[in-house]
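Chain IDs A, B, C and D follow the sequence of writing; residue 1 opens each chain.
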Amino acid sequence: MKVRLLLFAVLRDITGKSEAELSLADGTRAADVWQLMLRDYPRLAGYSQPPLIAVNENYAAPDTLLREGDELAFIPPVAGG
Amino acid sequence: MKVRLLLFAVLRDITGKSEAELSLADGTRAADVWQLMLRDYPRLAGYSQPPLIAVNENYAAPDTLLREGDELAFIPPVAGG
Amino acid sequence: MSYLTDAPIDSATLMRSVLRLSDGAAIVFDGVVRNHHDGKQVESIFYDAYRPMAEKEIEKVVRAVEREFPVVAIAVLHRLGELRVGDVSISIACTSPHRAEAYEASRAVIDRIKKTVPIWKKERGPNGEEWVGWQT
Amino acid sequence: MSYLTDAPIDSATLMRSVLRLSDGAAIVFDGVVRNHHDGKQVESIFYDAYRPMAEKEIEKVVRAVEREFPVVAIAVLHRLGELRVGDVSISIACTSPHRAEAYEASRAVIDRIKKTVPIWKKERGPNGEEWVGWQT
């Protein structure tokens, strides 16, 4: 299945991309994608905590099952205001 | 001695004056002037509490002795803001 | 600087007058003439003051709150005269590096001004007018 | 209406957009870019956001606080992009017949926005730049 990954802020700086289309096996969960990120960008392992996860513009649990066409985003600690 | 009396808000409306020069006996205290006001304007007796008192632009105790040239004002409950 | 004015209040300018480069938070409290009070309809309010004493009493409040919250800068402007519904009667700007102290200071300033500053208001509505706060 | 903007924020206009004839108090909180953070000098801040989600999350905060303080009307505008020291990054206007609820609502809105809304900032200073809040 195809999933659209959005990258913001520090994640965009580290990956050099603002989005990516991922081809994932059925049954992939949101947190599994973070493991792929850690493999591709070892620098990310240095951060003290994994980012929160959003699926289709809503916060979602790490074990959320992804579906075809989902929009996935990792949310590092926010700093608005 | 001469004392200048300032009248604001409801007191100005009731007395029809914004200020008055009073000729007072030595030894007159601020609260004594309020008694003179009650005598001259009986309507004032209807209010639930006597006003606060200011002498020379500062809050003062009712028993403050007045002196020549003082500026006296009665301060009904304030309603600024 | 005077704390009293007869002209409309520009709250944004008041805030900018105290904002420092080190400030990250600005709280502006605007008191506004509303169309009701104690169940009665209000059309306008006339604000009267013992001006020199009111200036001094506002100054005392500002200085006292600045002593309690030394990181906060405070500006106050109270309008006098005839105001209509929607007009700003008082504006209080508190700026601070962080927001907590600015909120605290803002509430302290307005709470104390309402208690001690010799300013009075006469409310005007469809059924006449009345000085607020002193009951017969 | 959008809660996000790329243009300078006019807090007074924001406040007027929610002020009703029955309101006697208006609290405007402005978050301002300050020249320091965690002991470091700051010259500018770049704000990034997951825009559609940030809109939804701000909306959730506003609706939740309005439910808790039904007499309060709330407007929020967050600026994105490159801001300099002194620029307003967020403005929150809360209006109410009386001031207590407006102060409470104002603090609740900013506290919650800072926790949940997907907006990030990169601080720039004389010694480089850094995304705030995620430590290596």
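As a working rule, a residue touches a chain if its C-beta (ideal position, glycine included) is under 8 Å from a C-beta of that chain, and two chains touch if they have at least 3 such contacts.
Everything quoted here is computed from the prediction, not taken from an experiment.
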Shared interface partners, meaning chains that touch subunit B and subunit C: none
Length of the shortest touching-chain route, subunit B through to subunit D: 2
For subunit A paired with subunit D, centre-to-centre distance based on mean C-alpha positions, whole Å: 26
Chain centre separation (subunit A, subunit B; CA means) in Å: 74
Centroid spacing, where centroids are CA-atom means, of subunit A and subunit C in whole angstrom: 49
Multi-partner residues of subunit A (at least 2 other chains): none
Multi-partner residues of subunit C (at least 2 other chains): 31, 110
Interchain pairs in contact, sorted by label: A-D, B-C, C-D
Contact set on subunit D toward subunit C in their complex: 10-12, 15, 19, 21-36, 85-86, 88, 95, 97, 99, 103, 106-107, 110
Sites on subunit A touched by subunit D in the complex: 6, 8-10, 12-13, 46-48, 51, 54, 57-59, 73, 75-81
Complex contacts: residues of subunit C adjacent to subunit B: 31, 47-50, 52-54, 56, 78, 89-90, 110, 113-122, 131-136
